[in-house]
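Common to both upcoming complexes is chain A, partnered first by chain B, then by chain C.
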Partner chain A sequence: MAEKIGVYFDESAIGPYLNVEDLAENVRNRWGGNCPVIETSPILAGEEGRAMIESAIEAGTIDGVLVCGSSPRVDWQFFDFGPAIPVERVNLREQCGMCFPEGEDEELKTLMAIDYINMGMIKLQKTLVPEPEQIETVRTVLVVGGGWTGLHAALHAAGGGADVVLLEKSDQLGGKARTMYKTVPLAPPYTQAHPTGIEDLIARVQAEPRIEVVTGAEMQALEGAPGAYTAKFTNGTEKAVGAVILATGWVPQDGKALAPLGYGSVPGVVTTAEFEAMMKDGQLKAKRVAFVLNTAKALPRDLYQPACAPEPAEGEPAGEEAEEPAFKDMESARHLPYASAVNSVVALKQAGYVRELDANAQAYIIYEDMMVQGIHERFYKAAQDDPGVMLTKGYVARVEPGEGGSVLLTVKNTLLGQDFELAADLVVLPTGMVPTTAKDPVMNFVYRQGPAFPDLDLFDGFCDSNYICFPYETRRTGVYAAGAVRQPMLMDNAEEDAAGAALKAIQCIESANRGVAVHPRSGDLTYPKFNFVRCTQCKRCTEECPFGALDDDEKGTPKPNPTRCRRCGTCMGACPERVISFDNYSVDQIGSAIKAIKVPDNMETDGPRILILACENDAYPALDMAAMRGKSWSPYARILPVRCLGSVNAIWVADAMSKGVDGVMMLGCKYGDDYQCHFVKGSEICNRRKENIAETLNRLGVEPDRVEQYQVAIDEYDKVPGMIEEFMAMILEKGPNPFKGY
Partner chain B sequence: MSKAVRIEPDLQFIKDLQAVGGDSLKKCYQCATCSVACPLSPADAPYPRKEMVWAQWGLKDKLVNDIDIWLCHNCGTCSDLCPRGAKPGDLLAALRNMAYRSLVSPTILGTWMSSSKYLPILVAIPAALWLFVWYLTTGLTIPEGDIVFGKIFPGDYTIDPIMSLTFFFMVASFVLGVSRLIKSFGAAGGTYYVGEHKKPSVLNCIKDVLFNEVGQHANFKECGGEVQKPEDEERFKGHLALFYSFVILAVVTGLIAFGHWGGKVIHFLEPMGHTPLPLYAPHKFAALVGMCLGIYGLVKLTSRRMNLDQSKTKSSYYDWYLLGVVWAVFATGAGALLFRLAGVATLAYVTYYVHLVAVWMLFAYLPWSKLGHLVYRTVALIYARYIGRVPLS
Partner chain C sequence: MPNTSVLVVGGGFSGITAALEAAELGHEVYLVEKTPFLGGRVAQLNKYFPKLCPPSCGLEIQFQRIKKNKNVKVFTLAELVSVSGQKGDYTAKIRIRPRHTAPGSADLSELAGELPARADNAFELGLAKRGPLHLDMPFAFPARYVLEKDELRAADLETLEDNEFIDLEETEKEIEVCVGSIVVATGWKPYDVTRLTNLGAGALDNCITNMQLERLASPCGPTGGQILRPSDGAAPKRVAFVQCAGSRDENHLNFCSYICCMASLKQATYVREQYPDAQVTIFYIDLRTPDRYQKFRARVLADENIRTVKGKVAAAAQGEGGQVVLTVEDAVAGTKSHETFDLVVLATGMQPTLSGERLPIDVPVDEDGFIVGGEDKGIFAAGCAKKPLDVMKSAQSGTGAAMKAIETVRR
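Showing the complex of A and B:
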C-alpha cells in the first residue's frame, strides 16, 4: 500500500489547459501529509522526468507515484518503475483539458481536474503491491491431432524448446493430407500443384527426440490448469502437460446437404473428397469433368432442421422434464459456403488432375464466386491459362442424367443472361468442412462449466474465440486452436497456424511459471483473491467466468485456478458479498474513488454530476481519441476506467447514487453475435446484471434509468460525445438525484 | 433468352484461336472493362466481352457468324485497359483472321496464309509464274538498249491476261465470300430494333458506309476513345494515306489500261496507255503522288506496330504478312522506277520482276489475307446498318 506518494505535474501536457500551480497548491492543502513530494516538471514524460522520479524512489522518499498529465495510454515507457512501485496516471490532458467544451466556465475545468486528482490519489492509496502466485509448470505441449497442422505444431513446439506429446486418433499419422494426391502449391512460384510431402513431415516428427507420438487414442479428459494439466487418453495413459494445441481439423459434411445438386441420386456426381480418392487410386477416367462451386442451392432450406417442430407425443410431459442433450451437434448447411474459399482453390487443383491425365481432357469450373485468397491468385491465373480449363460464372440450377451416361448441368444467371446446358462425364461438388469441435467436445475438460468449449454455436462449431484480434485463442486459456478446426483453410495457412499456436502454447507455459497473465493482459501479476470467510457459495463467480477459470467443491466454494484466469474481473463484478479482489483493483478501491467525486448539493446552480464507467480496452481509448480530435463533452462527467464492464460491481452504482451522483453511464464493448469484447462476455454480463442494479435502485427510491449501458467500438470516437450528450440531456430532464445533499 | 443453349467447350477451337492471334484469351475473367471502354461498341449486347465468353464456352458458330467482329476497328483500347492482359482486341482480330482463313475455298490457301511456314509456297507460285514468262520472252537474259519492262513482260500477252485472270479470280472469291458472310450473319439471327423503326434502304446503308466509314474513316478515327493517343493518330493518318494511295494507283492503272486497250479503237487515247509513261504525264504525276502517300502511310503504320506494347496488343502473322507484302509492292515499284531512270538495267529488271511477284501475291491471295477486310468489313458495316445493329450516321 502506497503511503508516501509523489505527485508530479507534467507542465508540457496540461499547462496549456490548466493552472498547474493552483492544482499543486490544492494537492498540498488536501493531501499534504501523504505526499512528501509534490512537483511540477516542464517535461515529465522524458528521461529527465523519469530520472527525477527515480531518484525520489531510490532515496526512499516515496513509494507510490501519481502522474498528472497525459492519458495512461501514452508515454507509458517513462512511468514504469517496477512491480513494487504502484503508479497512477491522472488523465488531465485528454479527458480534462482537451475535452473541455469551449465557452464553459473555466472554474468547472479546475473542479474536474481536482476530482480526477482526488480519485487517482484514492486509487493509489488502495493499491497493493502485487504478489504473483507462481506455480511449478510442466514444459510439455500436448498436440491433439496428428494431421498436417498437428505435425507442424509439434515440430514448432519442439523447435521452441518444449517437449511434445502428439496425440493421434487413428493408427497412423498424416490425417487428411495422407489421402491427398497433391496439394495446391505451397511454395513459389505457386502455379503448380505438387505432392504434399506428408511422408517427409511424418518422418521428421518421428525423428525428433522431443516429440512423443501416441496413436490410436483420443482425449478422455483434460484436468487442471495451464502449466500443470493432466491429460488422460482413451488408451489409459496419463501425461502431465503445460499447454495444449488443438489441431483436430475437420470432417466432411453429410452428403445430404448436396442432394439438391444431384448427389446421391444422379450417377457420376461426386464430392471433391471422393474425386481426390479416385485420383489417388488411379481410378479417374473421365474426359469431361465439371466442378460446381455453387453453394446457394443447398442453402435456402436448412436440411438439418425439421420443417416444423415435432409434436410432443401424447402423454409425454412437454418442456421441463425433457433433458438438455449433453452436447448439441452443430453441423449445419452453412458449413458448405464457409468452405468456399477452400473449395474454389481445390477445384482449380483438381481441374489440373483432369488435364494431367489426358492432354485432350477438359475441366469446367462453374462458380458464382471464385474465392481465391492471397498468393493463390497465381495458381488461379495459371489454371485459367490452361486452354482445357473453362472457368465461367453461373448458377447451376439443375443436375440430371444426360445421354450416354453423362451428367447434364443447366446453368442459369450467366454473365450474358443466356442460360446454357453442359454435358460432363463427371460432376464434382464442393465439400463442406465441419470442424471436429462442432461434432464433439473433443478436449473433454474437467471444468465446472462442462467438457466442451463454450458458445461455439456462435461460430457454428469453429473453435475460435475472437475472430480478428486473437487467432489461436480459445475460451479456455492454455488451449490453442490451429488449422481447420478454427476456420476452413488450406494447408499453407494451417502451417502458419501451427507455428502461431505453438508460440502461444510456449508463451502460456512461460507465463504460468512466472505467475503472470498470458492474454490479453499479458504480464499482469495480479490475480483474483478470495476472502472465503465471507463467501456464501452462491456460485455466481464460477458460472459467470467467461473462461471457466473457477471450479468449485461440493459445497460450492470456488476453487480459483490463477493460470486459467485472464484477469478481467468478471468474478469481482459478480460477487454480491464482494469477497473477490485484485491487489491493484478492488471493489473497495473503485468504490472509494467514486466517493471521492465532489458532488455539489444544488444541481440548479452548480450543475449535475454523472459518472462514466468506461471499459479501458475500447471505450476509454475512444474517449481519448475523441478529445484528441477536438471533440468535447459535458464538464459535469467524471470518467473512471474499469478493466471490463464485467468487473463492475453493483455496489459501485449504489455508492455513486448515495453520494448524490445524478446518473451512471456504463460505456462498454459491443456484445451479441458480433461481440467485440476483449473478454468475450463482460459487457453482455454487465447488461444482464443491470436488472439487479435496477432492483437495488428501486429499493433506494432512485429511478433505474439513471443507470444506462452504452455500446461503443474503439473506432467510434466520433459517436462517444453524442452518447454522453444524450445521457446528460436525459438526466437534466429528470432533475437531481433524490439522494443529493444527504 | 430463357431457352438454354447447349455449349461444348472445345479445346481445339481455343487452341486454333490462340494460334491465329488470340493467345491471351484464356486470361479473361469476364469483368467487362473491355466492353465499357470500347468507344464503338453498341449498348445492347456489347462486344468484345461477349466474344470472350463465347470463346470460353466453345460457341464456335456464334463466333464465326458474329457480325460484331467487323464493327471493331482494332484500336486496342480494350486491350490497353484489360486488367488481366487478356487482349480482347487481339481476339477479335484473331476471329477475323479465322474468317479470312475459312470463308472461301480453296481453303488450302487460307491455311497457307495462316502461318509463316507456308510463306515459301506462296512466294514460289508467282515467282515461278513470272520466271516462266521471263524464260519465254528473253530466255532469262537482260535485254539490251533502253530499259522497257515490256521487253521481258509484255503487257498484251503476259501481264494483262495474267493479272486480269487473277483479278477476276479474286472478285469471284469475294462474291462467294460475301454471300457466305451475309448468310452467316443471317444464321446468327436476331433483330436489333427496339420499338418502331423504319428499315433503312440498302442504298442508304451503302452510301453511309462508303461516304463516312470508307471515305472519311469516321469510326476508325473515333476508335481509340476520348483520349486520343499519338499512336491512334498515327494509325488513322497512316491508314487513310495508304487507302487513298491505293485509290490513286487503282485509278492510274485503270487509265493506263483504258488508254492501252481503248487506244486500239480510239487512237487519240493511245498515248495515255503507252508505258513507260513520260514523267510529265499527269497520271504519271498522280502515280508518283500515290507512291509517296503510300510509303508515308506504310511508315506510319509500321512504326506504330513496332512500338506497340507487346503486353497489351500483339501483332499476328496476318498483320505482318500484309504489311510485308504492301511494303514489297511499294518498295519494288519505287525501286524499279528509280533503277530504270538511273539506267541500271539488271537491277531495274530484277526489281520489276520482284514487283510483279509482290503485286500478284497482293491480289491473288487478297480474300484470304488481312486485306480481305476491304471487302468483308465494308459489307458487314452495310449489313449492320441494314439490320439496325448500328444506326445510320
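Showing the complex of A and C:
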C-alpha cells in the first residue's frame, strides 16, 4: 500500500487550462502528511521527469506516484516504475481541461480538478502491490484432432518448445486430407491442384520426439485450468496438459439437406466427398460431370431468421442459466451456404479431375457466385482457360433421372440467355461443413458452467470468438480452436491457423507460469482474491463469470481458477457480500474514490454532481477523444474508469447516492449478438443487474432512474457529450438527490 | 544459440499482432513502421464487417498491450536500411526520421492550429488538407504530434522558433538491432485509380474510392461522418458501387482483393443509415461473401433499396450537375445500358505495398508484389504482404507468422 506518495504536476500538459501552483498548494494542505514530494514540473513527460521520479523512488522518499497531467493513455513509457511502485495518472488534461465548456465559471474547473486529484489519491492509497499467483505449469500442449490442422498444430507447438499429445479419434492420423486425391493449390503460384502431402506431414509428426500420438480415443473430460489441466481420454488414459488446441474439424451436413437436389433419390447424384473418394480410388469413369454450386433450391426461405430463443426480457433475473442445459445440436441449413467459398474452389479442383482423366471429358459448374476469394482467383482463371470446363451462373430448378442412366438438370436464369437442360453422367453437390462443436460438446469441460463452449449458437456452432481482431479468444481460456471447427476454411488457411493456435497455447502456459493474465489484460499480475469468511455461497460469481473461471468446491464455496480468469472483475461486481477484490482494484477502493467527490449541499446554487462510471476500454478513450476534438461536457460530471461495467458493484451506486451525488451514469460497450465488450458479457450483465441496483436505491429511498446505462462504441466520441447532456438534463429536471446534505 | 529477438516490418494490424503475440511469449520484438503512427489501413476504416464495430476498438486493445509489454520496441517514422547475416543471426539497420516534437503530454493543439493547413492529408486520402504539425489519426499511437519540417515556410519557422516543445534541430538517427528472425507485414495500398482509365482515372467529380468512402463515413473524417458529394457537398440519393475496380483483371490486379464485396455491402449500410430514401446499386461479377459472411449478405440485401446487378461496369463518365454516368453490362439480362448516379464508389482492390517497392530483405516477391518465400531464411510474410485477406484472417496470419518466427529462434 502506497503510504509515501509523490505528487507530480505536468505544466506542459495542464498549464494552459489550470493553475498548477494552486492545485499543488491544495494537495499540500489536504494531503501534505502523506505526500513527501509535491512537485510541479514544466515538462514532466520525458526522460528528465522520469529520472526525477525514479531518484525519489530509489532514495526511498516515495513508494507511490500520482501524476497530474495528460490521460494515462499518453506517454505511458515515462511513468512505469515496475510492479512494486503503484502509479495513478490523474487525467486533468483531456477530462478536465480540454473538455471544460467555454464560458463556464473557471472555479468549477478547479473544483473538478481537485475532485479528480482526491479520487486519484484515494485510489493510490488503496492499491496494493500485486502478488501474482504463480503456478508450476505443465508445458505440454494437447492437440485434439489429428487431421491437417491438428498435425500442423502439433508440429508448430513442438517447434515452439512444447511437448505435445496429439489425440485422434480414428485409428489413423490424417483426417479428411487422407481421403483426398489432391488439394486446391496451397502455395504460389496458386494455379494447379496438387497432392496434399499428408503422408509426409504424418511422417514428420511421427518422427518428432516431442509429439506423443494417441489414436482411437476422444476427449472424455478436461478438468482443471490452463497450465494444470488433466485431460481424460475415452481409452482410459489421463494426461497432464497445460493448454489445448481444438482441431476437431467438421463433419458433412446431413445428406437430407440436399434431397431437393436429388441426393438420395436420383442415381448419379453424389456429394463432393463421395466424388473425391471415387477419384482417389480410381473409380471415376464419368465423362460429363455437373457441379452444382447454386443450392438455392435446397435452402429454406427464412434461412437467416433467428432460430434461437429471443433475448430474455428486461427484468429477468441476472446470470446465465445455472441449470446445466442439455447439449443442443446446432446443425442447420445454414451450414451449406457457409461452406460456399470452400465448395467453389473444390468444384474447380474436381472439375480438373474430370479433365485430367480424359481430355474429351466435360465439366460443368453451375453457380450463383463463384466464391473464389483472394489469391485463389488465379486457380479460377486457370480453370476458365480450360475449354473443357464450362461455368455459368444459374439456378438449378430440377434434378431428375435422365435417359440411359444419366442425370437431367434443368437450369434457369443462366448467363446464356436461356434456360437449358443438361444431361450429365454424374452430378456433384456441395457439402455443408458442420463444425464438430455444433454436434457435441467435444472438449467435455468439467466446469460448473457446463461441458461445452458457451453460446456457440451465435456462430451456428462454430467455435469462434466473435472478435474480428482476436480470432483465437474463445470463452474458455487455454483452449484455442483452429481450422474448420472455427470457420469453414481451405487447407492453406488451416495451416496458418494451426500455427497461430499453437502460439496462443504456448503463450497461455507460459503466462500461467509467470502468474500473469492472457488477453486482453495480458501481463496483469493481479487476480481476484476471495475473502471466503463472508461468502454466503450465493453463486452469483460462478454463474456470471463470462469465462467459466469459477467452480464450486465440495462445500459449495466458489473455487477460483486464476489461470482461467481474464481479470475483468465481473465476479467482483456480482458479489453482494463484497468479498472479492484485486490487489489494485477493489470495491472499497472505488467506493472510497467515489466518496472523495465533494458534493455541495445546495444543487440550486452550486450545481448538481453526477458520477460517470466509464468502461476503461472503450468509453474512457472515447471521452479522451471527444475532449481532444474540442467537445465539452458538463462541469458537474465526474468520471471514474472501471475495468468493465461487469465489475461495477451495486454498492458503488449506493455509495454515490448516500454521498449526495444526483445521478450515476454507466458508460459501457454495446451488447447483444454483435457485442463489443472486451469481456464478452460485462456490459450486458451490468444491464441485467439493474434490478438489484433499483432494489438498493428503493431501499435508500432514491428514485431508481437516477441510474442509467448507456452503450457507446469507442468511435462514438462525437455522441458521448450529448449522452452526458441528456442524462444531466434528466437529473436537473428531477431535482436534487434527497440524500443531499445528510 | 540463435538470437531470440524478432524484427517485425510494418505496423499495421498484421504486424502489430505478430509483434505482440511474440512479445507476450517473452521474445524481444522490434516493430518498425514507416509512418508516424501505428495502425495502417485498419486505422482508416470506419467500421468492420460484419459486426459494424469500430476498428479503433481493436487497435486500442493492441496499443494497451504494447504499453504493458516492455518486450515490444516500437519505432515509428522508421525504415529498414539494410539487413545482413542469416537465419538466427540477422543485423538490421533502421533509419528513424526525426519527429521534432516533445512527448504527447505537451499540448500542441493550439500551436498546430496556428500553422496553416495546405498539404494533402494522406490519412484522409486526399479528401482534406492538413498542417505541418499534425496528429490527425484518431486514437493515434503514439499519441504524439509529428512536425513535417520539409513543409515549413518562413512564417511557420517564426511561429515555431523558441517553442520549448519543438526541436527543429533533431536529426535522423540510425540504429542497429540484432534478431534471429523477421516477420514482413508490409501490407497493401489501394490500387491506383489513375490507371483505371475507363473508370475516369480518378478525375471524375463524385467518383470516389471505397477507402475514401470509409473516411467520409467516419465521425473523425473530413465531413464529420456525413456522406456528402465531394464536388458540392450535396447528399447523394443514387449511389453505385463498382466492384472489381482493378481486381480480377490481368491488366491491373491478377487476383481477387478478398474484401471489396463485403466492404461494399458494409458501405451500402453506411449510405442507407444516413439516407432513408437513398437507392444503392452494386455492380459485381461475383458477389463474394464467404463463410459466415453469408449471413451479413442476407441481412444487407434484405433492404429493398439495395439492388445488386451482375455485370461489369465498362465505363464511367461525367454527367451533368456532378453526376456520374456508368456504362453497365447486365450479364443476366444480356443488356447494355447507361445509368446515372449522384455518387459512384469504385471498389478498388488492394495492391501489395511491395509492388513496385523493394525492401532491403532478401525475400522473393511475385509479379504482383506478394511475398512468395523466405521461410527457409527465417523470414515470414504476414497478412496482405502474402495474399489478400480481411482483418480477421490478417490477425490469424500475423499470429501464425509470429509462431514460425519463434520456432526459428527456439530450435
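Note that the second predicted complex is superposed on the first by the 698 of 742 C-alpha atoms of A that agree within 3 Å, B and C clash if a C-alpha of one lies under 4 Å from a C-alpha of the other, contacts with A are read in each partner's own complex, and residues count from 1 in each chain.
Please note the rule applied: a contact is a pair of C-beta atoms (placed from the backbone, for glycine too) under 8 Å apart; a residue touches a chain by one contact, two chains touch by 3 or more.
These numbers were taken from a predicted model, which means no experiment stands behind them.
In the superposed model, A:73 lies in contact with chain C only, and not with chain B.
In the superposition on chain A, A:689 makes contact with neither chain B nor chain C. Set against each other, chain B and chain C differ in how many residues of chain A they touch, and the higher count belongs to C.
Legend: residue contacts after superposition of the two complexes on their common chain; A:417 is shown touching both chain B and chain C. After overlaying the two complexes on the shared chain, residue contacts for A:384 are found with chain B alone; chain C is out of touch.
Touch criterion met: A:337 reaches chain C, while chain B stays clear of it. When the shared chain is aligned, chain B and chain C each come close enough to touch A:393. By the touch criterion defined above, A:176 lies against neither chain B nor chain C after alignment on the C-alpha atoms of chain A. By the touch criterion stated above, A:364 is placed in contact with chain B alone, chain C being left untouched.
Overlaid on A, the two complexes show chain B and chain C touching the same residues of chain A, namely 370, 381, 393, 415, 417.
Taken in their complex, chain C has these residues touching chain A: 13, 20-21, 24-26, 46, 48, 51-65, 67-70, 102-107, 109-110, 138-139, 143-144, 164-165, 218-220, 224-225, 247-248, 254-258, 286-292, 294-295, 298-299, 310, 331-332, 334, 366, 370, 372-373, 387-389, 391-393, 395-404, 406-407, 410-411. Within the complex formed with chain B, the chain A residues making contact are 360, 362, 364, 370, 381, 384-388, 390-393, 410-412, 414-423.
By the touch rule above, chain A contacts chain C in their complex via residues 10, 12-13, 15-16, 42-46, 69-70, 73-78, 80, 93, 98, 156, 159-161, 187-189, 303-304, 334, 337-341, 367, 369-378, 381, 393, 413, 415, 417, 459-460, 462, 464, 466-472, 487-489, 493, 495-500, 502-504, 506-507, 510-511, 518-520, 522-524, 617-618, 621, 625, 628-629, 670, 674, 676, 678, 713-718.
Listed in rising order, the residues of chain B touching chain A in the complex are 1-9, 11, 14-15, 18, 26-27, 29-30, 32, 49-50, 53, 56-58, 84.
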